[in-house]
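Some structures to go through are shown next.
Consider the two complexes below, in which chain A is the common component and chain B and chain C are the respective partners.
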Partner chain A sequence: MNLGEIIFLITIVATLGGAAMAVLSGSIIYAMMGLVTTMFGIAGLYVYLDNPFLSMMQILIYVGAVSVLIAFAIMLIGPLYRKPKEWTTVGKFVAALGVALVSLFMFVRFVMETFPRAGNPSFKITTKEIGRLFFNNLVLPFELISLLVVVAILGAIMLALFSRGNK
Partner chain B sequence: MEQIGNMIGWETVKMIVGLVGVLAFVVFNALILTWAERKVAGHMQRRIGPKEVGPYGLIQPIADALKLLGKEILTPRGVDKPLYYLAPMIIFVPVLVSFIVIPFSASLQVMDINVGILVILAFSSLSVFSILMAGWGSNNKYALIGAIRSIAQNIAYEIPLLLALLSIIMMTNSFSLKTIVEAQKGLWFVVYQPLAFLIYFIAAVAETNRTPFDLPEAESELVAGYHTEYSGMRFALFFLAEYTNVFIVSAIAVTFFLGGYQGPFLPGIVWFLLKSYLLVFVIMWLRWTYPRVRFDQLLNISWKALIPLAFINLLVTGGLLKL
Partner chain C sequence: MTDLLYNNQHIYLFVALLLLFFGIAGVVYRRTLIGMLVSMELIMNGAGLNLVALNRFVSPENGYGMAFTLIIMGIAAAEAAIALGIIMLIFKKYKHIEGGDLKEMKD
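On to the complex of A and B.
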């Protein structure tokens, strides 16, 4: 086993271990740290897929922005020493079933989409190519996502304004 | 030597030499900067600063370092141990990673990665998590308040920082730091983008938690902020990371706006260090000139002034490039 394979294994262990920590740990801070570890692991896997740009974007967006925002939200939710309310057994079951079904659907879709094409030579994903895709084939989803973000920002502003009025 | 080289590969040897060099530079830089900071502070307040240990007090930082190394490493009761132990180690990861891609001169660079600046920006977010872990793990209200402030500050100032650098990236069409330096052969980018330079510099001072934006560790309110409970070498690691970060943001400013290692007569490395330490001096100068801003002022500067300005600057840059 050479150095590359060892690092690859470490990356996989970090990805899965982080995910397990995010789900299983009782403390919200540890759960967030688990999420960060998983994001780093996924970024590492992108490096092995020969795409450093996507890898760095993964860290920049999911660690640098999304996780920091989650940390900010955690800091805002009030007394941190208070334990969260325990879920009921039925609640846990329903949640697990929901997550499992969605993940299964995603996985099956992914396998069906990817493996028939696996024999073909892969094309080089460059920033230029990604930009071109955003403004040609994927322009509708791209615009829809920006609309969603605008709605979310407006919603946040409304919430902030309403809570200020109540005081 | 040849045999050893063939056995483990020259690339590995180069990497190890590079890493050792980086570590040596980090320590040396911190020693120089602690001395310089005390001297600058002294002279700005009409004092002399350290003068007893060595000529001009030059050996003072070494005495301080020995003192810190010799201290007992205390672990207060009631800390969250894994987070408390990991925080000072994690704050060092972005520091070391950043040095891999910074071009000190045309040939002195550990690795020229084509997404160079993204590597620095991506890993720099880790230091927020380190501060959060330190603040949360210390089980201390001052530390926690410092950590919360640090996160809010980081979210606010990362956006103008990225937008300011983005306008340069749009002009050069490259993320590679070396290409960006080479593109400034004729004129430095600070001439084309003075506004972006100002926005970057203000945001960078805020990102490194330096006065006037040092609310995460405001001494007069929070004891020492997120590192209140750290002592000995663990505290020294936070300290080293802070001074290295000051150098790194100055080095990025030099690379992006001030022509990097380019300059007449002197070799590249001399120009690079000269420009970088000049900016470091400006950051120290700011510290002893301006009082600390209030927290609402801090957030307002970013969200209401820097971010809109950075967006306008980006739009104008994009428009002019298409003309």
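On to the complex of A and C.
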């Protein structure tokens, strides 16, 4: 086992450990920290999949934008220390575990039998080719994404204005 | 050099599958709306990892999976902004953010 494989295993452990922390921890702050850990782990996995551009985008968008947005929401929502535990019951935990395990075992055999195990080591898609793909073949989805972001910004502003008017 | 650990496609697919597992468990198990939103982000990240892994190993001659993952990132950012705005509005009206107690739409 060489150094690359050891770092790969550490990345996978960080990803799954962060996901477990995001689900099982009692506080929302710890859940957000687990989400950030998972994002960094997935960025590392993108590097192993020969996609450094996508890894940078992952860190920039998820860690830089979405997690900071969630952190601001947690700060604005205020006194959650009165209910420090999420005080979910054992029955709810068992139900969550059951639903998730059903969805897991539905796909395990599908993954094992459908896809080949060995990889194809020659992968030469660069950032330049992603840009060409976007502006040659995927022009309409690209523009629709920009439209969606504009609508989301306007919607967030409208929600903020409504909440001020109700006071 | 195809026997290296990180050239194994199944590892990436199983990591994505476990992210889906944790995400679904979190959506059911979490009580607050922000916890549910964090779990939804986990599911979306699992989908992105799945797409990139399949693009890398199954059809390495084009980059559609990577482009679609970038689109997923944009949609996730917009969705998080809208969802957090709605959560703020719910908190201002009801003074809590617990998903189980919001029953106005049901009646």
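The rule is simple: the second predicted complex is superposed on the first by the 124 of 167 C-alpha atoms of A that agree within 3 Å, B and C clash if a C-alpha of one lies under 4 Å from a C-alpha of the other, contacts with A are read in each partner's own complex, and residues count from 1 in each chain.
Definition applied: a residue touches a chain if its C-beta (ideal position, glycine included) is under 8 Å from a C-beta of that chain, and two chains touch if they have at least 3 such contacts.
The structure displayed is predicted, hence computed values, not measured ones.
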*Check the residue A:I59 against both partner chains and state whether it touches chain B (first), chain C (second), both, or neither.*
first
*With the two structures laid over each other on chain A, which partner does A:V139 touch: chain B (first), chain C (second), both, or neither?*
neither
*Touch check for A:F162: first (chain B), second (chain C), both, or neither?*
second
*Would you sort A:L69 into first (chain B), second (chain C), both or neither based on which partner it touches?*
both
*If you count the residues of chain A that each partner touches, which comes out higher, chain B or chain C?*
C
*Does the superposition put A:L154 against chain B (first), chain C (second), both, or neither?*
neither
*asked:* Which partner chains sit in contact with A:I29 here, chain B, chain C, both or neither? Use first/second/both/neither.
replied: first
*asked:* Quick check for you: in the superposed arrangement, does A:F8 touch first (chain B), second (chain C), both or neither?
replied: second
*Common ground on chain A, meaning residues reached by chain C in one complex and by chain B in the other*: 57, 65, 69, 72, 80
*In the complex formed with chain A, which residues of chain B make contact?*
80, 83, 113-115, 118-119, 121-126, 128-129, 132-133, 136, 144, 147-148, 151-152, 154-155, 158, 175
*Residue ranges of chain A in contact with chain C within the complex*: 1-2, 4-5, 8-9, 12, 15-16, 19-20, 22-24, 28, 31-32, 34-35, 38-39, 42, 45-46, 48-51, 54, 57-58, 61-62, 65-66, 69-70, 72-74, 76-78, 80, 86-88, 92-93, 95-97, 99-101, 103-104, 107-108, 111-112, 115-125, 129-130, 133-134, 138, 141, 145, 148-149, 151-153, 155-156, 159-160, 162-163, 166-167
*For the chain C and chain A complex, residues of the former touching the latter*: 1-2, 4-15, 17-26, 28-32, 34-35, 37-39, 41-42, 45, 48-49, 52-58, 60, 62-64, 66-67, 69-71, 73-82, 84-89, 91-93, 97
*Can you name the residues of chain A that touch chain B in the complex?*
29, 33, 36, 43, 52-53, 56-57, 59-60, 63-65, 67-69, 71-72, 75, 80
